[in-house]
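Both complexes shown next keep chain A, but they swap its partner, so chain B is in the first and chain C is in the second.
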Partner chain A sequence: MLITAALAAGCRKVEGRLLRVGLASEPKTLNVWLASDASSRAVLRLVYHCLYERDPETLAFVPWLAESLPVYDPAGKTYTIRLRQARWSDGRPLTSADVAFTVRLIKEFKTPGCSRWKYVLRVETPDPHTVVFRLKKNFATFLSRTLQISILPAHKWKSVANAARHAQKPLAALMRFKNEAPVSSGPFVVRQWRKGAYVYLTRNPYFFGKDKTIAGRRLGPSIDGVLFKFYGTTDVAMLALRKGEMDMYWHHIQPGYMSVLQKNPHIRIVNSPKSAIYFMGFNTRRPPFDDVALRKAVEVLVDKQFIVKRLLQGRGSEMWSVIPEGNKRWYNPGLPRPGQGLNRKQRIKLAFRILSSAGYSWKKPPLDATGRITSRPGELLTPDAKPMAPFTILTPPADYDPARAISGTMIQEWLREIGMPAMARPMEFGALIQQVKVRRNFDAFILGYGRLPLDPDYLRSFFHSRNDRPRGWNISGYHNPEFDRLATAAQREMDPEKRRRLVFAMQAIIAADVPYLPLYLPTLNEAVRTDRFTGWVPMLDGIGNRWSFCLLKAAKGGK
Partner chain B sequence: MSLKRYIIRRLAEMAIIFWIIQTVLFFLFHLAPGDPLSRMVDPGMTHEEEMILTEQLGLREPVGTQYLYFLGNFFRGRFGISFHYGRPVARIIAQRLPNTILLFTTAVILSALAGTWLGKLISWRKENRTDKIITVGALVCHTLFLPWIAMLMLWFGAFKLGWFPVTGMISPELWILPQATAPEKALDIAWHMILPMATLFLIHFGSYLLIMRSSMLETLTEDYIFTARAKGLPENVIRDRHAAPNARLPVVTSVGLSLAFSINGGALTETVFSWPGIGRELVFAVSNNDYPLALGCFLLIAAVVLAANLVVDVLYGYLDPRIRY
Partner chain C sequence: MKNTEIAMTRNRPYWRQALDENWRRLRRNPTGRSGLILLLIFALMAASSFIPPLISPIYNPMHGVDPHISHTTGPSLRHWLGTDFIGRDIFSQLLAGARVAFMVGITAAFMSVVLGVAIGILAGYAGGWADTVLMRLADMIMVMPTLLVVLMAAALFGQLSIWTIVAMIALFRWPGVSRVIRARILSLKQRPFIEAARIAGASHLRIMTRHLLPNVLPLALLYMTFRVTSAIIIEAALAFLGFGDPTTVSWGMMLQWVWKTGHMFQAPYWLLPPGICISLLTLSFYMLARAMDEILDPRLRRRGES
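Coming up: the complex of A and B.
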């Protein structure tokens, strides 16, 4: 009887224009300072908005909470920004005081990931709709990175900041604020968060963009609300999607699921480029990878095309620069592509030539006197004629990322073809990070950054010699004075075209020295149901962007 | 020794064991490879920012100092703040624990009742066809690979038949409605419990049945069963009143410990069914180096298992009058 009653209770259909979004895990917080996970960021993206957005097609800046593009005064090193007439979800006006409060909060508490604000001398608010940022010195990434932060409601956060200020650990206290009912500047407002079950957002009646045309698009939202649901495994999420229990799965779907999803007429797969990099890193501080010739030999032995075709099942592309190709403004298309299109024999021959000319030799060479490849090459001998010591390629485990783990094994086999004593070793992710970033005790590793900023300033973090220290981002220990000079210049260069040329030159240096060997870039595969909503906006990093949620409409004849 | 003295002695022993567990767990977590910051940082964060974060999380102190803080806080009833959630560990556990107890305790009790009852019946028909079929069936259930059977249940019950929800503990679509009534919500939870409970029932039921069956078969060779038969008592009275109460003792131990361990939930069951319980949280905490949360979960399990052992031992004295303390 109970089962029958329960079954009857369960046969409820979703009503209205409520969008159901599946997440891979529950958001850990709605506090913007603690939200480092994808799920928290997904919810917060609909709640807290920035001064500027990116155009989905050109990726150019579009004024969002700001009314127009900032006006820069080189003499005074000031940026002046006019704000739109906007309100918070509780009806209070969003003013320059909110912007100034957010900046002061960041500077006072030194919130993680906001170090760029240290270049801001002060913020002035001549009137409620004008903000003036006075910089200490020229700072090229001010617009692209610094102004991309979420603006917080001062009236809500003032008391939080005051309480945190008097705590023993102010930043920790600020990060521990629960913020379960955030006051929103976005199209939706959090109505209810039932832990372990769902987050429910309804329309924000005061959303500034409602019925406004921005960048040629008339904004909504036209949907009534968003319901975030959480799924423990991708298998279960895919069943829910096929069954119609969700309208969108906001998470990358592995290629293995595609064939089943494609059979469903109500499901559409959206493939988007990612701002990410998956690469092999070398420890340039110690042998054997302190030798650029060896790194170049590895580069030609690694068959990126094979990885993309077999491991990613064609859903991705080979990477040739440390900046992804989708980032059109900063990607240098003129870089060399060593080994592209070669078959295995050609790769071995090319690597043989590179190593031989650098002084390497073999107990039994991989090529015989006639230039033919031998089946089992002997040990590789270093230029001082000693056998090369075995080295390890660290990878995350297969349950964390199968592509990276299997790539490691493939690369191990390719390197052994020429006598390199390579050994791929999967390691728990946290332990791997500790090993390469904190202890810096490794030979090579395969890692990825799935969420690279669009501004290329991260090249400076990755390769500037100043960042070669424990917990520093220069994991490879790469040192090149010319690169350092260019990186520093690019950070200060305010002329966009000159800065672009500098970034192109930085990419060329990295491509020549190979401290990182870019491997592949998987396509971001997302799936949506087409029977209830339409109007998803494809963009770099997927359809889960602010534009989509402002432009979605109910599908014709939708259930 | 009186029961009171026995309990006092056991409580003292438990306190020492608990302190040892606490200490070993603390150092194990802190010495294990891994970095709690690894999932909180990105290339946009500078070295200085990472250092500030490390200091704010209290990870810059020497491990010995951290241990003393931990013990001090523990005796003041504070279990720390989760690195990941930024919320008190006690509150996170308090939110998840009832969900786990609801699902797992219900499943353990139901499967114990059914397993004991059926084990008792088939032992009476030893070696006949029904006994063989049920025994083999119980063995199969007992050895089933849980994630596989759970996915099979989901695929068939939720996807193919469409009778049950794919995931979760409640239907958000119902719970967000202001007009949803309490009975409707209760039925909704029951509806969501059916598949995970059926999975757990299948897994546990087999083991209880086998324990009860073998215990009954042993009991049936006892002299007092012959005496009961010689007295001309009906077979069902011999089975239910004379044999079964004695045969149940090993099942009580097994159920007691299963109930205790059930509070850690089944990480696999909770993950497959997206059940917001403590098992999933535990696995998540360990894999993310969230020491405070992982320690909190493990200490809770240790405390409950120690307490359950004591309760089972005391209960034995009542169930078996031969046992004296």
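Coming up: the complex of A and C.
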């Protein structure tokens, strides 16, 4: 009798420890090679894990699937990594063969986003728990960028890879694989995915981290499963959160909802810093923005404080470098901050000085002889005394991101105050990317990278002249031999201090030449309910990290 | 009765006389009168939309912000309907929205009616294969859902400007007009006065423009009023869904801002005015059209009215 009662209580407890997470859309796929949307990545983050994780506080690397930090041998250019005793969710051991298989798959199929693996000569597996990576040459980003891949179970993917190899387009065939029931190395395993309704994950009985202490934290998971539900509109999601039908909404919440959420005693709003950049990019290949003076004039005319205070409702900060300020290791704090704190009149005066000393003139100048600002300046004339041709500022549409779209129209007005024929034009996101990245037919645009890596290697991708090609990352078409030299050196430099100095110098060059004008860095606003679970781990890029799901606990007195 | 009509025709063309007569009937019709009054109010709003930005740049509907307010606030003396999330005046936006609604509604309706009347007269008068081709084309376009097609175009070609949207609405809304006009022309062209014109040596073009067109004008006007309603609603729906022209302040755009920034259920002073205005303006055009319908179609007239 007692046993039955205890069992029944236990069962109820199990039911109560199911975490319900709201996603903004249904995951598109569980195939890692195809997953580019936030929802798919959210689910996959709990399923496939990496060799190293970042510590939530220090952001330093801690061994995850690996047992210890890699050992580098400069003479042989090899990294040696020892693996933990880990198992897949079907009970098979996770060995060096899985790591080697994943790397070979990347190299063979040239999967997108993994181009850095071309610097790796080969992978060796001396024993089931040791992996040796042999590099072609020294490069600094092996641990921080290259190695950040999800390790796949070789015994599950081998047949998929074999089938894809014989297909006409191997990579496309690999990406077509549905992967409905992935074998997991994480704390949870996908039990059921009912299309259009939910994804249900239960605890992985073989999770390596169970009751282990990593980086001073004793891992669980102590919750029994995760139920992902999809909410097409934020209004419905917010209602579900307030009614307690959801424990966490894994998505940024617009500032407008905050006042209502704050009234609920069971809801906690978590503001996390983001590693991101929102910026205005210029096409330096053609007039008018091939002239650095004009770009600098735009820089002082743009009021970043206005954007942060009003469009972001104060939930963010102004950006002065292409590396966010929160990335303390690489951010150069010594950069100039042109225009900071100026009012509109001072901005116009400063821009007027920059432009007139570069040879620009006006039919009717924005400043009269006494230095007063005229209300409607004549059109701006280029140094060869021709009227400037109208140019457009492309932005994403307002329903995709109201802040960026409205920034565009605001910047348009600010530039018109000095006679620049600017026109903001929102564009459907896919079409916008096509226009700036592939066709490269644009004058200026406003875009953002929402998940910027912590390693500053992306500076090289954004501004190295070699990447100025269709689909290349150098969208601005920026060419500077000095920058190219520094970027290549920084990629090779193994001494962290020397590399840091190189990265600082690179930031200074970009700040002086302004191919990108960094605008703002929003904070990530997420909301969780506190009545059923506690222990969310705040971290860069939000609470939806692997630590949170391993450390969450049922709240005391929770339902 | 017939004699007097004929007598009057001698002095003034028949269509002028009909218009005068109908205008008198419209003013007597209560639905039509209230529609007209509502419409006048909105026209006044649209006309006065130029005033706020002249008072102070902070009342510019698109980029004027109150320097002391950086979040949404309720109605106050300084801002009669409050401010939106970046401190722009909602009342100025509402006035500017009225202007955009009139602009969109009337131009789209006018374009579609011009197109519809031209095609209707041509099809009805020419008959034969021209009639068949034009009317099958009309059938094809008529079954296409306008909003959906414009949405798809917006997704394909990126953001549409307000004039592209107007042109697309016009292009998709003419078939209804042309069908009705054609039917009227089919009966008109059998009348003796057309026969007489033809015998007198009038060219086809002259018959179509001088004899047929004036006789279908009242009907065209009626359809134009109906079309205005649908054009305004389509533009508002597009803007609300995020496919409008973001450089114009329309009521649909205002609704989109209130929705996307998460103020839908927090700021009724921001949500309700544009919503109510869309309903009332379309209602006023609808009432006007209903009244005109009654006047033009004697079968709908109440007993005792002439």
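The working rule: the second predicted complex is superposed on the first by the 544 of 559 C-alpha atoms of A that agree within 3 Å, B and C clash if a C-alpha of one lies under 4 Å from a C-alpha of the other, contacts with A are read in each partner's own complex, and residues count from 1 in each chain.
Following the convention adopted for this analysis, a residue touches a chain if its C-beta (ideal position, glycine included) is under 8 Å from a C-beta of that chain, and two chains touch if they have at least 3 such contacts.
None of the values given here were measured: they were computed from a predicted structure.
Applying the stated clash criterion after superposition on chain A shows that chain B and chain C can sit side by side.
When the shared chain is aligned, chain B comes close enough to touch A:G113, but chain C does not.
The three-chain arrangement built by superposing both structures on chain A places chain B and chain C 40° apart around the Cα centre of chain A, to the nearest 10. By the document's definition of touching, both partners, chain B and chain C, reach A:E428. Contact comparison for chain A: of chain B and chain C, B touches the greater number of residues. Contact with chain B, but none with chain C, is seen for A:K243 once the two complexes are overlaid on the shared chain. Using the contact criterion defined above for the overlaid structures, shared-chain residue A:G472 touches chain B, although it does not reach chain C.
In the superposition on chain A, contact of A:D235 is made with both chain B and chain C.
Within the superposed three-chain model, A:S68 lies out of touch with both chain B and chain C [touch as defined at top]. Contacts of A:Y198 after superposition on the shared chain: chain B is touched, whereas chain C is not. Of the two partner chains placed by superposition, only chain B is touched by A:Y458; chain C is not. When the shared chain is aligned, no partner comes close enough to touch A:Q346: not chain B, not chain C. In the composite built from the two structures, the nearest CA pair linking chain B and chain C is 5 Å apart.
Annotation: chain A residues 235, 428, 431, 435 touch chain B in one complex and chain C in the other.
The residues of chain A lying in touch with chain C in their complex are 234-235, 238, 253-257, 259-260, 306, 309-311, 313-314, 397-400, 402, 405-406, 409-410, 413, 424-428, 431-432, 435.
Contacts from chain B toward chain A in the complex involve residues 33-36, 38-53, 55-58, 81, 84-87, 95-96, 99, 151, 154-155, 158-159, 162-176, 184, 187-188, 190-192, 194, 270-276, 280, 287-289. By the touch rule above, chain C contacts chain A in their complex via residues 62-63, 65, 70-72, 85-87, 154-155, 157-159, 241-243, 246-247, 253, 256-257, 259-267.
Across the complex, chain B is touched by residues 2-3, 5-10, 12, 14-15, 18, 20, 26, 28-29, 31, 34, 36-37, 110, 112-115, 145, 169, 171-172, 175-176, 178, 191-192, 194-198, 200, 227, 229-233, 235-236, 239-240, 242-243, 245, 428-431, 433-435, 437-438, 449, 451-453, 458, 461-462, 467, 469, 471-473 of chain A.
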